[in-house]
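Before I ask anything, here is the structure I am working with.
The letters A, B, C, D, E and F name the chains in turn, as written, and every chain counts its residues from 1.
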Amino acid sequence: MGGTPLPDGIKLMDEQGRRIDGRLPGELRPLKIEAGVLRRADGSAYLEMGHNKVMAAVYGPRECHPRHMQDPTRALVQCHYNMASFSVDDRKRPGPDRRSQEISKIISEALTHVVFTEYFPRTSIDVYIEVLQANAGTRCAGLTAASVALADAGIPMRDLVASCAAGKVANTMVLDLGKEEDNFGQADIPLGYIPRTEEVVLLQMDGDLTADEFRTGLGMAADACKKIYDVQRDALRRRYVVADDGGSEGVK
Amino acid sequence: MSKDVMADLKRDHIAKMLSKGIREDGRRFEEMRPITIEKEYVRSAEGSARVHLGNTDVIVGIKMMVGQPFADTPNKGVLTTNAELIPLASETFESGPPGREAIEIARVVDRGIREGQAVDMEKLCIEPEKEVWIMFVDIHALDYDGNLFDAANIAAVSALKSTVVPAKRADKGEDFPLPVAHEPISVTAVKIGEHVLVDPTYDEQSVAEARLTVATNENGNLCAMQKGGEGSLTADEVLRIVDLSRTIGAEVRAKT
Amino acid sequence: MSKDVMADLKRDHIAKMLSKGIREDGRRFEEMRPITIEKEYVRSAEGSARVHLGNTDVIVGIKMMVGQPFADTPNKGVLTTNAELIPLASETFESGPPGREAIEIARVVDRGIREGQAVDMEKLCIEPEKEVWIMFVDIHALDYDGNLFDAANIAAVSALKSTVVPAKRADKGEDFPLPVAHEPISVTAVKIGEHVLVDPTYDEQSVAEARLTVATNENGNLCAMQKGGEGSLTADEVLRIVDLSRTIGAEVRAKT
Amino acid sequence: MGGTPLPDGIKLMDEQGRRIDGRLPGELRPLKIEAGVLRRADGSAYLEMGHNKVMAAVYGPRECHPRHMQDPTRALVQCHYNMASFSVDDRKRPGPDRRSQEISKIISEALTHVVFTEYFPRTSIDVYIEVLQANAGTRCAGLTAASVALADAGIPMRDLVASCAAGKVANTMVLDLGKEEDNFGQADIPLGYIPRTEEVVLLQMDGDLTADEFRTGLGMAADACKKIYDVQRDALRRRYVVADDGGSEGVK
Amino acid sequence: MGGTPLPDGIKLMDEQGRRIDGRLPGELRPLKIEAGVLRRADGSAYLEMGHNKVMAAVYGPRECHPRHMQDPTRALVQCHYNMASFSVDDRKRPGPDRRSQEISKIISEALTHVVFTEYFPRTSIDVYIEVLQANAGTRCAGLTAASVALADAGIPMRDLVASCAAGKVANTMVLDLGKEEDNFGQADIPLGYIPRTEEVVLLQMDGDLTADEFRTGLGMAADACKKIYDVQRDALRRRYVVADDGGSEGVK
Amino acid sequence: MSKDVMADLKRDHIAKMLSKGIREDGRRFEEMRPITIEKEYVRSAEGSARVHLGNTDVIVGIKMMVGQPFADTPNKGVLTTNAELIPLASETFESGPPGREAIEIARVVDRGIREGQAVDMEKLCIEPEKEVWIMFVDIHALDYDGNLFDAANIAAVSALKSTVVPAKRADKGEDFPLPVAHEPISVTAVKIGEHVLVDPTYDEQSVAEARLTVATNENGNLCAMQKGGEGSLTADEVLRIVDLSRTIGAEVRAKT
């Protein structure tokens, strides 16, 4: 977490327990998901969570290159998380940095858990996550969007992964940290979760927490993932309805 | 092999239709696809625009940073244009550093802005020889259905027009709108057999023999041009495309 | 194919033994391998330690250089952590720039040091906004038998504790010991079938479904965490590993 | 074009309509081409145009690496344009930059048009252009030289490509811009042209031109390409004669 | 050689002919070699020579990647010399630089000479040399250690290569330059040598030497290699005894 | 396979001829190929030379730039040598960053110039610790028929001798000739079977077992040496090549 001292005049939580953007501790930022927004990709989803804007696209299952990476028993789920150079205040140099490579790895692992990879030996299922505008929580936003894009692509999956973070701000456990909370807060716990089976598939933490605080945060994030899961399913349902209205053959 | 067979079949089909005067999406040969422009699409950028040109979807973000001028232009800002053809947008795009295709698009968009004097670069000088504004024009493709040249050019010009230079944040005085002086607009045409079509789709582009992008300014003057593709053009075809670009460019400019 | 068959056989064998409560090297499920620490192993480094965690063998060297602070932390030193998983240490490591595995290890060790506030970074400021000490934590694997996360963490903390800042050499006053404020220790556990094991060997790690690394401080607080692997954990399993980490971490800390 | 203001005391055109190096508007710089100057390459050509010194070499048709780039229906013509680090006033860092990659791409396309690529499926025909001394117009010089090198290598070709630029300097349309004209002029139009069939295979433009000025420039450059074409053929003819004199078997 | 002027108060050789670290001109630094120190590698050796600390590991013969590098007639011996970032006073940036690539090349060539590469066509024998602490003479230390690691891996070899340097310091020919001697001395001659057959397999020289001085240095280094060779054999013998004691099957 | 068969046949043929005392181009074993040197070949460089050594053809260009000295040599200029073995010169050269072969050539040429003290580097100091001249020696191969080591060395020394330091352009006083103090010349020999040949052609080099490059100065002293190849040399062979290098080097030096 930041480690940067809080600038003068900024209070992360007011006397009424309202957070800097007016939310209550257990409140998520506004969430909007739309499935099937790109033509070229096999599946896609666009997501806004607060001021985050994230696009996810899926290609595959398709032949895996280079060939020596092929797994004869199953498909590889390969996630590529990328931040657009203009998605942050200080321009990000194009290309993968260490942070994005780490995020790509843990999202790949989380998604692999839910895809029936054994149906598609020797193939690659490529998941591209593009952060267009970043405002804290992009890895969770990306994982949530990628799940929807996989389903939109018709990839057989055990379930959807929902993702959000809990954290500690002004000595209070809160949900879904915003940018200032991320910069000046005390801890962050990004979680990837399958609400139906109650499985943790992505988990990180940084900052300073007692074991009790962590337990509380984990619980809050898991509960919030249920709400996100509903939004994901809703997006897919709308996509289906739209497709159905327009004639399902016409959509892809 | 199957890919090539597919390409042959596609070419035959498209050519046959064209000989009847019909494009696959019903457009006239000299007609652009519908253009929608969302300005200020990205709050984290100093300026931005998302452009749909038919199904081609591209975002351009402008970032401004304080830096050093080049030695031979000590009193001018610096323009840097970059295109990321990320594989999200098309299965034909690959991960990794920009390939020749991305470089060509970035350089052609750059040439249009630069040679068309879109921005008054002298107004981006803070202190001669010491400090100027560096202007990053970053092109990000999201969905690729052909003619990224024009989609990116339109998005870039629109983004420039929405850009505010963050002088205050950098402790260099008050914020001010980017001094946009001209609006160079490019129009791209391809040749398929006997036919010349503007604003090609992905399929049209993939069977085209040659491509010509022409950027013009408000006064109808030419500021940049780039031929591509392994086929040839006659001088007459070149001049015809130049004329098309001047006419259609003016229509497009009205929308940015 | 043979590799996968081998993996399946190995997994079956390890799982069968685990169901009888037996690990391949005879340890209890909640037992670390023997740890040996050689501090000041490398004279050319400002601080260093070589750690054996069972057969896993890793060196961490600390180098201190004078440099510029980041703009948003003008009065703090800079921490840079790097892991080289050189192919000398394992046939699974490859030459070339760090892969995702090396990056993950470096970043998890970095997170433990940084979030666990191992070093008082303000004391590494020489002149605010101008000059601070840059601290390079370089992780070098020599022999890889699993759980590099914890071996590297232990080596890093031990190395930090042995580090002398070479101020004199840089003409910045007298040498002084690195101001180590906390000793965040990570403990890693894996899940194999129903079972949770701490400090996995290479073989155990290769058949594990999921991994969880938890770093804690002297006060029992958590400072960093990282789940890995394609399997899942229940919330209960996570909380149990958190508890294990706090208990075992305290034992390990006593040895650094 | 430059955009740099003209230094004091420099005039790009005098009262008599003479350019800064004494040429008339429609005059090319002295051009010299020699074919077959390298032993190791399958074909080669050395070219001087004004103060430009350019070497071109051709290898192939040969097996195409990496294999996944092979085209089963034809040869790939792959041009690699490179400037020697000492070819310009400020040392150029070795290795390809964006400019040289763009030039390599458009020259590859221009040359592909004239090679009978369908005769050599799955192969690569590699064209290397080395700029030893640069003085404006190196892409045209390189394309002109590469055509000759391809012919020298015995690659079956429809025709030779000739190349030169027109431009606008001191409000006058001129041919084949020199270095100062390139730096301080108003427009540049590099053209790759097949004089016999009157085909445009490479074309760029930058600067500021009316449509009429462009038409004039295109015509001037096309005409000049005819002269360059003659010099190309002359170089190949001399090469043949020399070879013939020395016994054609002895040459390669 | 350095070219740096000797700092005040430093004398590379005293009146008694003792060197800066107390050695006589013909004296090696203390040398210690241990074979079989790593579990994962097929063979390994740890070496200390003065303040140098070097680890060498061997993997193979194993399948050679990428495949187009395979030699159908023999194994490739590929050495990768690397300095740890903390092995020198000024932190070295990770990754291969030009110096380490040159050293890797000449050590690969020296080792190829002694391995029966023809026994293992199409394979690669990978030799990794890690310099953990550097104090002049690391290429010799690395080559000496790598020979032992190859033998430890059970690779069939004609013989071991021993390696050390001679040099010129304070106008005297000396053996095995230390760090200050390397920085401020007059010449350095790294030698890789097979004492039994008296073959030179690695040789470099830099500095300023008369032909006679070079002849003297070459002789001194060759003689010293005989002593190093004994230490190498001793390390392997001890390894064998240990292995034998513990049951040779139990060791690897 | 065919490549290896070819190599075997070539080796047999060359060896058989050598045993009769005959080289493929008729030279004596201790004879260099004809050398032609064109100085000031490239006007854009501060110094340059194009050298033909038989059919081997190489250009060296010298560029001078103002920059910072190294910390340990604050009053000396900086030498940087680089070799581009571009695929134009040989089908055995590959595109991309310099491989081990190019690096070796650059480093051996560099070592000759540096250790042979070809240039008085102290005279390239502008202001101690602040500003010195950086000297770039760029080696560009055009046609490769073996022994680039010596061809590049000769071209480098010739180019240095023709170099004028562009002080005026950099606003650092008057232009002056590069202070060349010595002319280290390298001679390369290879061993094929029993035979030692100087200045090997491509074919000779490709069948040689070992190579030795020896650079000497005007006084006959040695300044740099590099053995290459997978074969071995006896000490006697080394000393004989050293003698050859001293004699032949003096002849070559007269031509630069």
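The rule we apply is simple: a residue touches a chain if its C-beta (ideal position, glycine included) is under 8 Å from a C-beta of that chain, and two chains touch if they have at least 3 such contacts.
These numbers come from a predicted model, not from an experiment.
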| item | value |
| --- | --- |
| Required minimum of steps from chain B to chain E, each step between chains that touch | 3 |
| Any chain in contact with chain D as well as chain E | F |
| Repeat of interface E-F, chosen from A-B, B-D or D-F - more than half of residue-number contact pairs shared | B-D |
| Euclidean distance of C-alpha centroids - chain C vs chain F, Å | 48 |
| Between chain A and chain D, centroid-to-centroid distance (C-alpha), Å | 51 |
| Whole-Å separation of chain centres (CA-atom averages), chain C against chain E | 31 |
| Residue numbers of chain F (touch at least two other chains) | 98 |
| Cyclic chain order - from chain C, heading first toward chain E | C, E, F, D, B, A |
| Touch list for chain A against partner chain C, complex | 1, 3-4, 71-73, 98-99, 101-102, 104-106, 109, 112-113, 189, 194, 197-211, 214-215, 218-219, 222 |
| Touch list for chain E against partner chain C, complex | 38-41, 51, 53, 55, 57, 59, 62, 80, 82, 84-91, 94-95, 126, 128, 130, 132-135 |
| Chain C residues within the chain A interface of the complex | 1, 4, 72-73, 76, 98, 100, 103-104, 106-107, 111, 114-115, 117, 121, 212, 217, 220-235, 237-239, 242-243, 246 |
| Touching residues (chain side chain B, partner chain A) in the complex | 41-45, 48, 55, 57, 59, 61-63, 65, 82, 84, 86-91, 95, 97-98, 136, 138, 140, 142-145 |
